[in-house]
Amino acid sequence: MSQLAVRVIPLASGEVGVPVVPAEADGLLSLVWLVVALPALGAAVLLLGGRRTDPWGHLFGCAMPIGSFVVGLAAFAQLLGRDAEERQVRQALWTWLEVGDWQAEFALLLDPLSMLFVLLICGVGSLIHVYSVGYMAHDANRRRFFGQLNLFVTAMLVLVLADDYLGVFLGWEGVGLASYLLIGFWAHKDSAATAAKKAFIVNRVGDLGMSLAVMLMVATFGTSSFAGVSAAMPDASEGTATALGLLLLLAACGKSAQVPLQSWLLDAMEGPTPVSALIHAATMVTAGVYLVVRSSFVYAFTPTAETAVVVVGLVTLLVGAIIGCAKDDIKKALAGSTMSQIGYMMLAAGIGPAGYAFAIFHLLTHGFFKAGMFLGAGSVMHATDDDVDMRHYGALRTAMPVTFATFAVGYLAIIGFPPFSGFFSKDRIIEAAFGEGWIYGTGALIGAGITAFYMTRVMLLTFLGSKRWRDGVHPHESPRVMTTPLIVLAVLSLVGGVLILGGWITGWLEPVTGPEEPHDLFVSPLVLTGIITLVVLGGVAIGWFTYGAGRTIADYPPANVRFATRAARADLFGDALNEAVFMRPGQQLTKALLFVDDKIVDGFVNGLAALVGGSSGAARRAQTGFVRTYALTMLGGALITVVATLAVTLT
Amino acid sequence: MNTDHYLTLSALLFTIGAVGVLVRRNAIVVFMCVELMLNASNLALVSFSRAHGQLDGQVAAFFVMVVAAAEVVVGLAIIVAIFRSRRSASVDDASLLKY
Amino acid sequence: MTVPWLTITAVLPLLGAVALALLPRRAALAPKAALGLSVLALVVGVAGALTDYDPDASGFQLEEQHEWIPSLGAWYSLGVDGIGLTLVLLTLVLTPVVILASWHDGDTGRWSSNAFFAWMLALEGLAVGVFAATDVFLFYVLFEATLIPIYFLIGGFGGVRRSYAAVKFLLVSLFGGLLMLASVVGLYTVSNGAGGPTYLLEDLARIDIDQTTGRLLFLGFFIAFAVKAPMFPVHTWLPDAAQAATPGTSVMLVSVLDKIGTFGMIRFCLGLFPEASQWASPVVIVLAVVSVLYGAILAIGQDDMRRLIAYTSVSHFGFIVLGIFVLTPQGGAGSTLYMFNHGLSTAALFLVTGMLIQRHRSALISDYGGVQKAAPVLAGMFLVAGLSSLSLPGLSPFVSEILVLVGTFRESVVAAVFAVLGMVLAALYILIMYQRTMNGPARASAATTPDLGLRERLVLSPLLVLIVLLGFFPQLLLDVINPAVEATLDQVGVSDPTPDVPVTAEEVP
Amino acid sequence: MIAFWALAPLMVLAAVGMVLVRKAVHSALLLAFVMVCLAVLYAAQQAPFLFAVQIIVYTGAILMLFLFVLMLVGVDASDSVVETIPGQRLAATVLGLLFGLVLVLGVAQATMSASVGLGAANRDGNVDALATLLFGPYVLAFEVTSALLITAALGAMVLAHSERLTPKPTQRDLAAQRIRDYADHGKHLGPMPTPGVYARHNAVDTPALLPDGSPSSLSVSRSLQARGTIPADLSPAAVDRTATALDSTDSHQRSAAKHTDRGSGR
């Protein structure tokens, strides 16, 4: 601990940048590469093997992330046994590229932060793999599904284990690809194919930030590795730091569906539900939070960019919550809440060392309860012939008791009801937000209230109230293979809060994020917790009186509603804005350039040809075919020759 | 006798022949005009021959005559051939070889 | 005894071409013989590279020099540095693949399939010669000679508008070649004035060329190469040619022949006219960035897949030229690697779309839909080829693109910011094409699409394997390229950019 | 001297006339005149051999060839006066005048030394001297001209020869063709009536009379009708009668058709 303190660079703002100084991996930790290699092998075998692997593909696909999880657990045990400052280890694999003064190695960095992510990805990932065995049992392409899930796990692990921004970029786009493939898994539906394309392209916009950040790093520091950048960061100008921070934020916005790049997440629900659970709730969408926390050594030097992160998080948490209120599609309601919860994480991450640990903490608990809820939603859809409209549910608690129970645990966790895991994580974030400024705190508090409202709505519409099932739908509990992961995730949602006990998680992350900063609050934390709980209960109460309490639910959403509701249903006009600002002008530009290329650029080339052809065509007309015309020309020529000869000889 | 006069005569005949080629359409008359031009040049050759006191000019005129004879034979044969197929001896009618 | 590896590699296909042309018209024999010969050329080329080429040394290797036309100072002089070797290898790798892919393409042309494969082999031999020539005059002669096989391949075996496309290609290329000829003649004057005519690159590089003369000569070369590359605004021949040609011909045209343009920019524009290159670089950078965005936006608007790919190439060539003229090590190495990777990726894309088009006799995206369900392997390979074209990390084009962008960023932040937009546009054009052809509800015709056969899988597999392999191990090629790029930049006389805030050794243990 | 001044104006006039007269045969005659005059001028310039050749070859052979072809083409065919190529006549005249002017001026400007005369060269006789030259220094050119002449003769034969494209029709073919013409077009099968049958006169321009006394146009040459020697329309009454006779079968059918029309109308 004392050694660590020496490495910390104090700043005028009171924040510190923690350099990444890893040791070489040894012993059991030198097997870290297996964590990535196993799912990679799975993806390769399942995607290249073709139909031959159909009979055992799903089992093989499950085995790989479970294997990674086991290796991860072993590594975790190893790290736990080490001193805090020795918990950063690096395994160099090979030189990726080396040109001029820029060298990028293919190396894995295992530190407390990536360790938590490895466990989350492999753990929740394995559960979702198991769940998918049941969920996708009747799909002809189940093997391909598992191959692509494995591909996703591989890419996500590369993302969190890379020790270089270029390596992160590899995983970054890799998860984008996997997400693209999985959203478009049922690509015979136009909506799915379009949603997949939209997700990839919006993510690409965010990736611009990532690639520009890599360029800026190489130009400024001559390297893009965490170690190099974090070491040289204190010498860089604040402008550079701000630029880097904003570029990384742009990247994070794309991947984590933060405003203004949020539009793809709701459409992404077109994918199979396990995909929504794993990728669009538990892991991939949190990559942005990972990136911001990982880049703490950049944000430490740029208050501007930090503020930007906080603002983005705050806006998104409110936008997501409002959208969540208006959706009748259960998956879209959950997607709105995902946006909102990630907004909380970004808010926390933007606060700086005071919030990093809580961002990660909330990320973990959110991974548990949101995955559980999504899988629960999948279970409900499984039971109702893939109907996603909550107005067609109602009173499912009796038909699906396990699903109901696990979903309820998730519900209590997400609204932050004590003592469920979400209570601890969200409470700390709101606290930290108040510490940063009352406006952030108030926003986060209102968000918590809205969350309670719309989650209550989801709960009431789906499991309580009266039966509104369609004809021919006979809801039934899902098979054991699907409910087991639900139960495990529910348990984790219930007890996830233990991670904060005794400040364990803040201590664990200290080598990465620096020591937690105390923040001043206007009231004691206990009172604040009380206020938060009251606000949450208020939200629940509003939800109960709107949708519960014996009210009948219309089959179709009411059409004649206030502007606010219309806006929320239209995702606060995010798509309309994109269409008006980017898509239509883009289409116009394309059309205009097509015209320019065809008529002007190519027209010039062809026009030149036409000019030569035309003038020779005109000259050709001189060949009338009349001998006498030719003879006349000859006489003219002879005249000129004679005159010229005379002129020469006579002068 | 001055050579100049002969040359002037030769020039006049040549010019008249040339104009004839240009204005007449009957192929046979055109041919005659060409012959007139050849004869005009022959006259010049003979005149020069005398002026220089050497017979080479006359030899050249002789060759011109031979070539003219050959040319007339072939040319008239062509005219006959064309006339046989087109029933016309106008040079303007044979204008297919054009743009 | 030294083995004349390059001559053997170049002459082998040329002799094969002559032999094929003389063979009796037995269609079955021609593709087999051509494939055998091109594989043999590949083996010889690789053997030469492995035995006699030292990747660490800079300068030309595998050199051969014989006097050719002493009064002009023209030599038969071959040799490769890392850049040339990369492109020679690209040619050697792609030709067998293309021949295998074009197995039946020669049957329906104006002439026999013997002629088709003979022209293919001739093209390979000439292209190897172009990339290996170290004499300006020899380069010029071979440069123009490569037009002949391509002209006949497009005009004799292409699609509907093949005559128009072939003539347009030929005339535009000849226009560029004419300007280059003027510069080649100018070089004679320059070298003659500096102590005796010579066209040898090493001698010319030593001559101190007067500033105005140098710039004019540079322009002659540059415009010729820009037409060849092709860059905005002299690119319009490429979409027409790609649309009319068979897929194999398009690959040879875009993946191999167009590289002569960018190769020439490095070898001749930078190598012979350093001062002029620096003088012109701002304008060229602007043109390159315009090419990147313009090509990409036009690709989005295309309905014909072959035209679409052609426009993506305009965009990619923009990146290559950008990397060359920013005059940084990353840019130069990135561009050279880009040439190789773009060759692979575009070849895969052209060939796989060609296979699709061959199945339904239509190249229009709007005629397709839902092919993936009927032909998953076809769709999968299409997707990987497409992803490589949009520079997905993990596939080889990404490495080169990020290198070019990093190199550009160091020279001009603005250019890099604009060029990087090309990445988003690339995602648009590839994914729109993929979605409209492969995804969505299956069209009646698409539902019965037969999947790829064994030959077709054999065609695409080596390309895709190379694309993935080089995505993770680009250093295999970069080790060869780096010394050559450094030598070129030394010749230009620019110093490597240094980081503003270098990371010192003691900071990173 | 006298010969020159006597002949030159006449030659020029004849040449101009040759260009201007409309009938080709007149042009030929005028050209003949010019050529004979030229022959005289050759003689006046100590070129007796050329004098003879000019008379024999040009006036005798070449011009006769011209006249022969004129006969073939049509002796009295004359050019139409209308110029078909716009501006040709004007341009030709202007250019020709200019050309002549320039040539004459050029000759006038030239300073010629006094004529040497051929006295020395013709010492052994003009023909001998020419022969020495022709078979001496010019022998090769001479031989080549012989090749040229033979080629020209051959060429003329080839050009004048016409290939038969269809087989020559036999008697049987001709007979079959006549029957076919009769069947298809009703063309008269037998021989044409000879002129003067039943007539009081047997001249070729007297049409034969048909049994009903009307003249038959078939019996007289069409060219005579075309020239107007006999009227093309012989007599309206006769024409009417033949027409009725020919139409009688047709009209029967037509009236039958009318009957059925009415029947259906009722």
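General remarks:
In order of appearance the chains are A, B, C and D, and numbering begins at 1 in each one.
The rule is short, and it goes like this: a residue touches a chain if its C-beta (ideal position, glycine included) is under 8 Å from a C-beta of that chain, and two chains touch if they have at least 3 such contacts.
Predicted, not measured: the structure shown is a model, and the values here were computed from it.
Interface comparison, A-C versus A-D: the higher number of contacting C-beta pairs is recorded for A-C. Closest chain to the protein centre (all Cα atoms averaged), using per-chain Cα means: C. Chain B and chain C, compared by their mean Cα positions, are separated by 65 Å. Mean C-alpha position of chain C lies 71 Å from that of chain D.
The distance from the centre of chain A to the centre of chain C, with each centre set as the mean of the Cα atoms, comes to 36 Å. Per-chain CA centroids place chain A at a distance of 99 Å from chain D. Across the assembly, chain B contributes residues 18, 22-23, 25, 92 that each touch 2 or more other chains. Annotation for chain D: residues 85, 88, 91-92, 95-96, 99, 103 touch two or more other chains. The set of touching chain pairs reads A-B, A-C, A-D, B-D, using the touch definition from the header.
By the touch criterion given at the top, residues 168, 171-172, 232-237, 294, 297-298, 300-301, 328-330, 333-334, 370, 372-373, 376-377, 380, 387, 392-394, 398-399, 402-403, 405-406, 408-410, 416-417, 420-421, 423-424, 427-428, 431-432, 435, 438-442, 472-475, 478, 482, 496-503, 507-509 of chain C touch chain A in their complex.
Every residue of chain B that touches chain A in the complex is listed here, in rising order: 18, 21-23, 25, 30, 91-92, 94-99. Against chain B, the residues of chain A that register as touching in their complex are 620-621, 623-628, 631-632, 635.
Touching chain D in their complex are the following residues of chain B: 1-9, 11-20, 22-26, 28-29, 31-33, 35-36, 39, 42-43, 46-47, 49-56, 58-59, 61-63, 65-74, 76-81, 83-84, 89-90, 92. If you check the complex, the residues on chain A that touch chain D are 624, 626, 628-629, 632, 635-636, 638-639, 642-643, 646, 650.
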